[in-house]
Structure formats: C-alpha cells, structure tokens
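Have a look at the structure below, then the notes.
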Amino acid sequence: MNALTEKSNAKIILDNLRISFGDTEVVKGVSFAVAPGECFGIVGESGSGKSTILRALVGLNQAWSGSMIIGGEAQLPVRQKRFYRRVQMVFQDPYGSLHPRQTIDRILSEPLIVHGFLNIEKRIKDALSEVGLPQAVRFRFPHQLSGGQRQRVAIARALISEPEILLLDEPTSALDVSVQAEILNLLTDLRERRKLTYILVSHNLAVVTHLCTRIGVMIGGEMVELLSADDLRSGHVVHPHTAELRSLSLSLEEPD
Amino acid sequence: MTTLPAIPQTRAGTRAWLLADTPHTRTQAVWGRRYRLWLGLRANPLAVIGLFTVLLVLIISICAPLLTSYDPGTQDLANRLAKPSAEHWLGTDELGRDTFSRILYGGRITLGMVITVVAIVAPLGLLIGCVAGYTGGLLDRILMRITDIFLAFPRLILALAFVAALKPGIESAILAIALTAWPPYARLARAETMQVRGTDYIAACRLTGATSARIIWRHIMPLCVPSLVVRITLDMSSIIITAASLGFLGMGAQPPSPEWGAMIATARRFLFEEWWVPLIPAVAIFVTSLAFNFLGDGLRDVLDPKGR
Amino acid sequence: MLVDIKNLHITFATNSGNVDAVRGVSLSLDKEKFGIVGESGSGKSLTARCLMNLLPASAQCRADTLAFDGIDLRNASEKKMRQIRGKRVGFILQDPKYSLNPVMPIGKQVAEAWHTHKGGSKKQAMEAAIDLLDQVRIRDPHKVAQRYAHEVSGGMGQRVMIAMMLAPDPELMIADEPTSALDATVQAEILRLLDDLVSSRGMGLILISHDLPLVSKFCDRVAVMYAGRIVETLQAGDLLNAQHPYTRGLLECLPSLKHPRARLPVLVRDEAWKTS
C-alpha cells in the first residue's frame, strides 16, 4: 500500500487507529507511516477526522485504539513528559494558541522551565531570531501582535524544546495569503535546518503539495488514498474523492 | 524609537516607561498593563468616587485614634442624645458616648470583618472552582455538590445556628458569613476554568508536559482572577450589610463594641425624636456599601469587558 | 447606475488618534457581478457596510457620491435606509451561525423575512418560504423548514441565508466572505448557486473576499484593495495580465498545484502603494 518498505526506519507508524466520540466513530482504522525527515500531509474536508488524528498523536485525545509507534516507542494514551521533548504541535488559530495574559517571553520560557533547560535567556533570544521575529516583541502581549507574528511565536514555542517531530494543524488557514507564503517558507527552512519530521494537516491541496512529499487523503474518517505529491499534482490519482479535491483546487484556486 | 532607561527617573519618564510600545523586561510589560487598566478606571467618574470613598473609609478607620480624642467606650450620661455640635461632631448616643469616634472605631470592626471574610473565602473558592473545572469527572461532581449544599444555606439562619452553638461575637459572625460566601466564587472560577480548559493555549501548556497542578496554578488561575476581583468588590457591599444585620440582631459584635449594625440596634427606639443617633451609623453603612458597588462596576468595565 | 461610490473615506476615532480605514475609494456597478478582494485590514468589508449604513458608531464616513439607484445615501435617515436595506439590498455574511436565529425554526425565519416585506397571510408566507428554500436547491425543503439553525450544516445554513435575503426580491446582493468558512466542495456549489440566482433575477452582486483567484472566476470585474484604497480593477479572467505590483505579488505568493516552486516568492510591501 505505501512505498515505505523499511518500516523499522520509520519515525511514526500508525496502525488501525480508531477514535470515537461517544457513539460515533470519527476515525475508522487509519494506518500510515512517516519516514524520518519526511513531510507527510493529510488532506480532507471538515469532519474527515484529520485534526482528530493529530490530537491523538500528540496525546491531547486519549480515547483511541490501535497501534501508535513514535520514534521507535509504542505509545500509550497518556504520555510522559519526555514524549513532549520529541513531539510538538502548532495549532491552527493564531488568535487562540497563545495565553492572552502572558508576555511572549513568558510563553516561550514555559517549555524551557518545565523541561529544566538552562540558559533560558539565550534560548529565548535565539528562538525569536530563528523564526524571524525582532527582539522587540519579546515583552509584548499576544493581542499586540499580528496574526503572522503570533503564528511565528507558536512555531518558536513548539521548537524551543528541540523536538524531532512537529505536527501542524492547518498552520496557515487563518492567515492572509501573503503571510501564509512567509510562514510556509519558514517551515521549509526550519525543516531543512533542524532535520525535522512534519505531519501537516490542511484542507488546502496547494499548501499540502507545496510542503509535503507524501499525502494521505481522508474522507469520513477513512484514509482512502496514499500518494506522492507529484502524483497528486500530475493527476495520477486512484480514488474519486482525491480526483474531486484536485479538480476543485485547480478550478477554484489557480489563477489561470 | 528611543531606548528608555531601565529605571525611570522622572514622573514623565515613568509614564513613558509604563506606556512604552516595546517593553524591555517582563516587569515593565506587566506594570504597563496594570497602568493601562488604571487609566481606564480613572476615566470612569463613578469608579473614581467609589475608590476614593473606600480608601477614605479605610484610612479614617485605621487612623481612628489620631482623628478623635474621645474614647468610644467612655460614657457621659449627663450628655446623652446630644445633637451634633462643636464638641461632639456627630452628637452622642444613648449612653453619652461620642458618635463620631464610635463610627471611626466601628469602621475598623466592619472593615476588619469584611476583609477577613474575603481573605478566607476568595482563595478557597478560587482553588475549589479551578480544580473542579479543570479535572472534571467525579472530583468535579463531588466538589460541586458540596458547593451546592453550602449555597443552599440562608446566611442569617446559619449565623443564628452558629451563635446558638458557639457564643455570639465577631468570630462566629465571620465564620458564618465565610461559610456561605465561598460557593459563588467557586462557581465563578469553575465556569471560567471550563471555558478556558478547551482553548488551544491551555492545550499548548499540556503539550509542554506540565503537571495539572502547574497548569491550574500558573495558567488557569491568573485568568480567573479578574472576574473574581470584580465579584469580590461587588460582594463587599452585601457582606457589610450582612455583618451589620448580624450586629443588629445581636449576633455579631457584642456591646459595648461600636459596630455599626449594633449601634443602629441599640438606638432604634430613638428613631423619631433623636433621629441622628440611629441614622448616622446607617448612613455609614450605606456610603461604604455604595462605594464598593461603584468601584466594583468600574473594575468590571476595565477588567472584564465583553470584547475580551 | 445601481451603485455609485466616489471618493469614499471612512475614519475611526480610537484612543491613539484617528485611523483612516478607507481612503478615497471609488467604484460603480450596474447589474453585474463585482468582486472586491483584499487582505485583512484593507477596508473591503467597511466599504460595503458603509453603503448600507452598517458601520459602528465610532466610524465616520464621507464621500463625494454614495448612491444606490440614484438615491443619495450620504445623510439618509434611518427610515430611508430601512426602505433600502433588506428590501432592495440583501446582505450575506460569512458565518450563518451568527446570522440565523438559533431559537426559531428555519422555515419560520424565511417566512418572516418574506412577510415583513411582502405582507400577506401566514400561510402565504410559509408557502413562499418553502418555494424559496427550493430555489436555493435545498433538496427537502419541507423537512429543512422544521429544523433549527444548529441542526443543519454550514453549507445548508448559507443557502438558508440566501433564501432569506432573496425573499423581498432585492436588486443588489452584497456577500461578505460568504464561503470562507465552507469546504471546497460546498464553496463551489454555493457560488454557483449565487451566480445562477443573480443572473436569472437580473440582480447586481458585490462579492467580498480575500481569495483573488476564486473571485475572479465568479465575477465580471474585480477591484483589488490595499490599505484602504483600490489599487487595481481587473476584468475577470484577466488576472494574469494584472499590472499593479501588489496584485502580481498576491498572485505569485500563492502555492500552486500546477506550478510548484521550492520557495514561495514573498510579497514585499512598498510604502508607495499606500498613495499610488
């Protein structure tokens, strides 16, 4: 089914993941694997279950069944603190992912304090410059920053504890198009520089194919197709839903 | 943009430091935010009146010995029920005691009771509410049922029951009021916590691997404090009136203590002829109560605006 | 001229001075589909709301011309505005959750909208409501009419909104980001529906969005706004021949399925665009 033959090298392996909210099954037996350093994308419309998978991967949702192996370790629903040194997440809404009553400095120092890092001052300064923010924003509050700046802070916060895996839940959906381009470039650079593994969730096919090499397509809680970004671009698709999403993206989102 | 000195030297410098667009330290940012809140409060005339009155009552209560030479307990039966004059600014009561000094010393008792109650009740309610709201499940249900039980007690009846069990006095009154005053704070804190619990920024806190205790203590409680402060201020007036009611019923401060409610009780039979004797402590209660209400309203506009 | 705006200025009074949100916008349209595109803060929503006098109290609006069908709206009384707003001009917002009454069944809301402007009996209003729900291509209008707003999907809620706005047979429809909260599949359907309705009824349409390619495919003309001014007006389908550097920059920084690039060109804002 997927092109990864050496599963033992995979960073993340999901097998038959099932998640239910009450009586409704929201994720129905999803399986995929992500290689180290790869960017894996999950596309689907709202209600397809893609964000739910991310939340289960990161331990925010604990009512799942199936097998989840991350970084070679089988995972239980409740995660240990050291898990969060390896895996982090960036949320969709820049207006809701930063604590409204804390300065950026405080927000960035929290993961460092919890994990017992030293040199907090220097790490914060480095984190800000790494995501392209001026030092001047350090002691501002989130409401004083623009949407793009807040998202950069969210990325800085995710990376400040030096994880290997970054989960991105629609990181640019709430941003203006010009800001989106900057954030996508930033994410590309960071992945190369730090050798990170990404899982990116989005409803925007163009964004996902831009950043990711392999893509899983979801509808109604099932992953109906796994294909490479090149195949999706060129139209070598198998499942009708994938074809529909692709043709919609081409007809609605392309300028020509 | 000019760089501002680390420690401001002048008043204009302080203002600029507080309102700086780009704070250089966390202290500067936090004080800047507080200063902006203060500016917002200052723009509201009623709130300023309330604040000024509350501070005035506080100061004159604390400085009572400095403001009057009369002892509140000294009786002068020859001069009872005297009208306000140059010697006795607010007249004398039914035992010839100087009303003005009794009001001042009574302020100490009233405010002391109110502050003690709030100091017990607010942190307790905040803690219970935040823990219940964040943990959910069985612990939430148990804590809320306990809250419901205490909420069901009528305050005065409980106070009377306490007095029957213990002895009448300020301690019993404080205990009785505190036991029935904490549930609303717990509920308020729980409601705020539940609203905040599902946000992305709290999820992000969980993703640092922090313990629940740390998240509640350092991230959720600070968010509940503004609405709690507003609620406390508005509650002060009803606590004052409850304390005065207990005093009026003889269940709070005991004579010869110059508690305002007790003063009204002992003087109420003079209401029609020497009306100033019971009326003056009533006015004191009214003014203090109203001042807290104004202040609370002003704080709410500043701390808890709709567009948060 | 259905809508004629010349030299529109909208200023907000804030704690830190006056903010010029819209600075000299001029546009006019007849019975056509006109798109206004811009990023957040460009002033596109404000321009449309100003036409309907739906601005917040702290906003001041002045213009050389602000007319709907020849009627001068600049200092129009609230009574005059009520004749126009809702009756001759419909307004569709982004999220139907916030525009539909949560405690009233859908059918009743649409019937009420019809009744307010057309009178008649309750029975007639309900029949008209069912007919309207059918016109917006809701498959089972009788069933949907009995549901509440929270029981229907986002796409269906938007159709209901459109039905309500169509009830008085308006001449102009203003749609402010009508599909931004919807999935791509539903987005296409809603826009196609709007397209058909506007054409068949001979209405004018102002479509406001942040999505430039989308708007240019559904509208006849598109105005691009930046920092409170219109920097360029294009014919639909002529996007690739855009002249202004802002428009070109916006188009180029979009990730594309057809033209993949390793890095996206970043829009470098030129201060000169604020005055050009």
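Order of writing sets the chain letters: A, B and C. Residues in each chain are counted from 1.
By definition in this document, contacts are C-beta pairs under 8 Å (C-beta built on N, C-alpha and C of every residue); 3 or more make two chains touch, one makes a residue touch a chain.
Everything numeric in this text was worked out from a predicted model, so none of it was measured.
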Task: Chain separated most widely from subunit C, comparing mean CA positions - done: B
Task: Top-ranked pair of chains - ranking by C-beta pairs in contact - done: A-C
- [ ] Express in whole angstrom the distance between the two chain centres, defined as the mean CA positions of subunit A and subunit C.
- [x] 33
Task: Separation of subunit B from subunit C, taking each centre as the mean of its C-alpha atoms, in whole Å - done: 50
Task: Chain centre separation (subunit A, subunit B; CA means) in Å - done: 47
- [ ] Among the residues of subunit A, pick out those that touch two or more other chains and give their numbers.
- [x] none
Task: Complex contacts: residues of subunit B adjacent to subunit A - done: 22-26, 28-30, 33, 199-201, 203-210, 214, 219, 222-223, 308
Task: Residues of subunit A touching subunit B in the complex - done: 58-60, 79-85, 88-89, 91-93, 96-103, 105-106, 110-111, 114-115, 136-137, 139-141, 154, 157, 161
Task: For the subunit C and subunit A complex, residues of the former touching the latter - done: 39-40, 154, 183-185, 187-188, 210-214, 216-217, 239-240, 249-251, 253-258, 260-267
Task: Parts of subunit A lying in touch with subunit C, wherever the complex brings them together - done: 45-46, 147, 176-178, 180-182, 184-185, 188, 203-207, 209-210, 229, 232-233, 244-246, 248-256
